[in-house]
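Each in C-alpha cells, the structures are laid out below.
There are two complexes below, and they share chain A, which is joined by chain B in the first and by chain C in the second.
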Partner chain A sequence: MSTAATLDRPRLRRNPVVRALLSTWGARLTSYVAFLVAWQLLAWYVDRVPEPWETFDFIWREISGGSHGGVRPGEFWEHFSATLGRFSIGLSIGFVVGTVLGIALGSSMFLRALLSDMLLVLLALPAIIWAFLTTMWFGLGWEAPVYTVILSAAPFVAVNVAQGVRSVSPDLHRMSEAYGVPRNRRMRSLLLPAVTGYLFTGLRFGVIISWNAVLLAEWFGAVDGVGWRARLWYDAARYRGFLGWAIIFIAFIFLLDGLVLSPLQRRAFRWRKSAAADVETEGLGGFDAEELSTMGL
Partner chain B sequence: MILDQFTLPGPVKVWQAIWEILKSGAFFDDFQISITKTFMGFGIAALFGVPIGFLMGRTGYWKAFFHDGVVGAGSVPGIVYAIMALVIFGIGFQGPVLAVGLISMPFIALNVAEGIEGVDQDLVRMSSAYGRNERQVLRHVTAPSILPFVFAGVRLSFAIAWKVEALTEVFGSSNGVGFQIRFAFQGFSITRVLAWTLMFIFVLLVIERILAVLERRLFRWRTWEQAA
Partner chain C sequence: MATLQITNLTKSFPAHSKGGQPTRAIQGISFEMSGQVFVSLVGPSGCGKSTLLNIVSGVDTPSSGTVAVTQDSQKAKLGYVFQDPRLLPWRTVMQNMLYVTDLSEEEGRVNARRYLEMVGLDHAEDMFPGQLSGGMQQRVGIARAFSVDPDLLLMDEPFSHLDAITARSLREELQSMWNATKKTVLFVTHDVMEAVQLSDRIITLAHGGTVFDDVAVDLPFPRKASDPDFATHQAEILARFETMEAERAEKAG
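This part shows the complex of A and B:
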C-alpha cells in the first residue's frame, strides 16, 4: 500500500488536474467549495439555518424584485441608496473631524495629555451604544445612523492621524525650521508625505467601522435602509432574508476594500516601494494585529 | 435647561445609577456571566484556530486554503455574527459563545501561523538528528513556541470579542451586560445605558491590562531567549 502510494506520487503530481488543484488558486477554490458544503450540512442539521441555494435565490429575487413576499421592483435600490447616502455622509464628516482632531493631538503634547484618556474610552465604546443613544436622542430617521457613523469612525481616524503626525522626523522638522523653509512648503513636503499612509489606514478602518455602525443604527433607529430591511426579514423569522442581506453586507465591504481602497492606497505609495510592499504583506490597512484589535465592531 | 435626563443626564445622576447597580449585586452577576461566556468563546476559538494556524504555518497549500476565510472573517460586521449565533442557538448562553469564537478565531489562527513559521528550524533539525520523533518535537519544541502566540491572539482580540459578546446579548439573551444595556434602552433610560456602558468600558480596560501583565509574566522566558 505505502510503496504503491510512493510510486504513484510523481505520476500523480504530473497530472494537470491534480496540479491545478494543488496550486494556490486550486486551494482557494477548494476552500470556497468546502465552505458551501459545510453550510449545506449545517442547514440540514439546524432547521433554522437556510440552505445556500435558498439564500442565493432570495438575494436574486430581492435585487431583481421578482415575485416573492411583496417585494416591489426597485425596492432594493431604494434601501441601498438610503444607506449608502448615510454611510458616505457620516464617513466623510467623521473622517474630516478625525483628521483635524488627529493633527491637533499629534502636534500638541498638552492636548495629548488632556484627551488621551478620553480617546481610550471612545475607542472602547461599542457602536451599539452610539446607535442606542442616537436613537433615543433623535428618534427614528436618518439622524441616528449618520451620527452613529460619525461618532464611531472619528476616534479611529484621529488615532491613526495622530500617529502619522508624530512619525514625522523631528530632526527634519528642526532642520527645515533652521533653514527657514516656509510653513506651507513644510506642510506639503514634510508633513503630508508622512501622514498620507496613516490617513489611508485611518480611512480603511473608518470604512469597516462605519459600515458596521450604519447597519446597527439602521437596525434600531431607522425606517428604511439595508439594516432596517435585514431586520424586517429577521423579525418575520425569514432567516434566508437575513442571511441574504448578511452576504450582501459582506460582499459590499469586500468589494469596496478590494476595488477602491487598496488600489488607492497602492497608488498613493507608488513612490515608496518598500512601503507599498508593507501594505501588501501586513493586510488590512498595513496595520498589524495590535492595531487591528482596537477596531470597534 | 437643555440637558435633562432625556438627553444627557449629568455625571452625578449616572454615578448614582452605577452605585445602585453595584449595590443591587447586578454588576457582579451580569459581568461574571459575560466574562465567562467570552472566555468560553476563546476556548472554542483556540480549539479551531490553533489547528488551522498550525496547518497554515506548515504548508503553502493550507495557507492558500484558509487565507481568504480567515482574513475575511476578521472584517465581517459584528452584527452578522451576533444574529447568526442567535438564529442557530436561540436565546441562551451558546449564542454569545459562538459569536466570540467566530470573531476571535482569525486572530488566534493568524498568530499561531506566524508562530509556527517562526519556530527555530535549527532546533527542529537538531532534534531529529538526535533521533527525536515527530511527537516529541511537537511536544517540546513546537508547542512551547506557539503557546505565546495563542495567548497574544487572545489578548489582541479581547476588545473585539468583548464587544461582540455584548452585542449578541443585546440581540438575544436573558442575562449579561448586553442584556442590561438593551433593557435600559427599552426602558428609555439614558442614565442606565450610560451607567452600564461606563462599567462595560471599565471592565474592558481592566481585563486588557490584566492580560498584558499575565502575558509578560507567563512568557518571560521568551524575552530571555531573544535577548541571549
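This part shows the complex of A and C:
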C-alpha cells in the first residue's frame, strides 16, 4: 500500500489544480478564501458582525458616491484626499527630519550619547498619545494629524538611518581615503547607497506607523478625513460602515506597499545577487529578519 | 619620477589592557626607493608590512619617523590594491572605476576602458561586483589602481585570498601591466616565490618590524619558477630568513 501511495504522489503533483494550490499565489488565495469563510461563519452566529457581502456593498456605495445614509456623491474622495494630503505632508517632513537626524546620529558618537535615550522614549511612545497631545495643542483641524505623523514617523526613520550609517564598511572608508575621493562623492556613492536598505526599512515602518497615526489623530482631532469618517459610523453604531472603512485603511497600505514601495526597493537593490529572491518573499508584512528584529519581533 | 623615502619609522599600538605594554608593529625602519622599480616587502605575518603600507598611504599615522612620497618634488599621487577588492557593491564596474578618478566623466570612461581591457574585463563594465568571481573583482581592483595613473602604486598582498591558479594568472597580468606602465610599485607579500617573480628588489622584514634583508633581483622578465636562477634566488632569500629565525629562537632561549 505504501508503495502505491508513494507512486501516486508525483502524479498528484502533476495535476495543474494541485500545483496551482501549492504555489505561492495559491497559498495566498487560500488564506483569503479561508478568512472570508471564517468571517461569514462568524457573521451567521454573531449579530454584531456584519456579513462580508454587506460590508463590501457598503464600501462600493461609499466609493461610488451612492445615496447611502443620505450621503452626497463624492463623499469618499473628499475624506480620502484630505487624509492622503495630511499623510503625505507629515510623512515627507518626518522622512526628511528622520534622515537628517539619522545621518547625524550615525556619524557622531557625541550626538548618539546625547540623543539615543530621547529617541528610545519617542519610539516607545504610542501614536495615540501624540494624537491626544496634538489635538490638545492645536485643536480640531489639519495640524493635529500632520504633527502626529511627523512625530510618529521621524524616530523610526532616524533609528534605521543611523544604523545604516554605522554599518558602512570601514574598509570602504579606508579605500576612499587612500584614493583621496572627495567628500561629496563619498556621500553620494558610498554613504547614501549603503544607507538605502535601512532607509527603506525606515520608510516602510514610517508609512505603516504614519497611516495608523493619521487615522487616530483624525478620529480625535479632525472634522473630516478617513479617521473622522470611520468614527462617524462607529458613533452611529453602523458596524458595516466602521468595518468597511477599516478595510479601506488596510487596502490602501497593501496597495502602497505592493505597487510603490516594493518595486522601489527591488530597483534600489538590483545590485544584490539575491535581491530577486529577497523581494519575492516580501509583500505587506514581508519584512526580512533584520527588519523584524528592529521592530523587536 | 616618484620617490618614497622612509626614515627611522616606528609605529606602536596602545596596550589592550590597563598596565599592559604597547605593541610595537614597526621599529625604526628606513629605506628609499625611486623611479621605475617594483619593490617587494616580504616577511612573516605580523611583522608590520600592512601597517607600513597604511602609513605610506596616509590611512594611518606613524608614532615617530618620517615618510615622504614625492613626484618631482611635488606630492605624489597614490594607487592602492588591497587584500580584498574593496569595490562598492552597489556600483557597476565602470562606476567603481569612476569613483576614484579625477578626470571628467567622459575622459574617465575612456581611461577606465583602457585599463579594464588590460585586465580582460572590458566586457564587464556594466556588471555589479556581486556578479563577478573573486579573481575578476581583484582584476577590477588592479585596473582601478592603475587607472588613476599613480606615481606610487601600493599593493597589499593582492593575491593572498585567491586560489593558486587564479593568483598565478593575475601575477602574469600584473607583470605585463607593469611592463607597459613602469609605475613605482611597493608590493607587500608573504610569498617569497611571488616576490622573486615580480620584483626588482626585495626587502625582508623580520618579526618585530625591522628590516632584515634588502636584495636586488637581477633576473630577466618574464620569470618562470622552473628557471634554475629563479630557484636559486628564492632559496637564498629563504635560507637567510631561516638563519635569522633560528638566531632569534636561540636568543629567545
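Note that in this section the second predicted complex is superposed on the first by the 242 of 297 C-alpha atoms of A that agree within 3 Å, B and C clash if a C-alpha of one lies under 4 Å from a C-alpha of the other, contacts with A are read in each partner's own complex, and residues count from 1 in each chain.
To be clear about the criterion, a contact is a pair of C-beta atoms (placed from the backbone, for glycine too) under 8 Å apart; a residue touches a chain by one contact, two chains touch by 3 or more.
As the structure is a prediction and not an experimental result, all values here were calculated from the model.
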(Q) Residues of chain A touched by chain B versus by chain C: which partner has the larger set? (A) B
Q: Report for A:Tyr179: first if it touches chain B alone, second if chain C alone, otherwise both or neither.
A: second
Q: Please work out whether A:Asp257 is in contact with chain B alone, chain C alone, both, or neither, and reply first, second, both or neither.
A: first
Q. In the superposed arrangement, does A:Leu125 touch chain B (first), chain C (second), both or neither?
A. first
Q: Would you tell me the residues on chain A in contact with chain B in one complex that are also in contact with chain C in the other?
A: none
Q: Would you tell me which residues of chain A are touching chain B in their complex?
A: 22, 24-25, 27-28, 30-32, 35, 42, 46, 48-49, 120-121, 124-129, 132-133, 135-137, 208, 211-212, 215-216, 219-220, 227, 234, 239, 242-243, 246, 249-250, 253-254, 257, 283-284, 289-290, 292-297
Q | chain A-facing residues of chain B, complex | A | 6-7, 60-62, 64-69, 71-72, 74-80, 83-84, 87-88, 103, 107, 110-111, 152-153, 155-160, 163-164, 166-167, 170, 181, 185, 188, 190, 193, 197, 200-201, 204-205
Q | In the complex with chain C, residue positions of chain A that touch it | A | 171-172, 174-181, 185, 189-190, 193-194, 196, 270-273
**Q.** Footprint of chain A on chain C - complex, ascending
**A.** 54, 57-59, 78-80, 82, 84, 86, 88-91, 95, 99-100, 128, 130-131, 148, 154
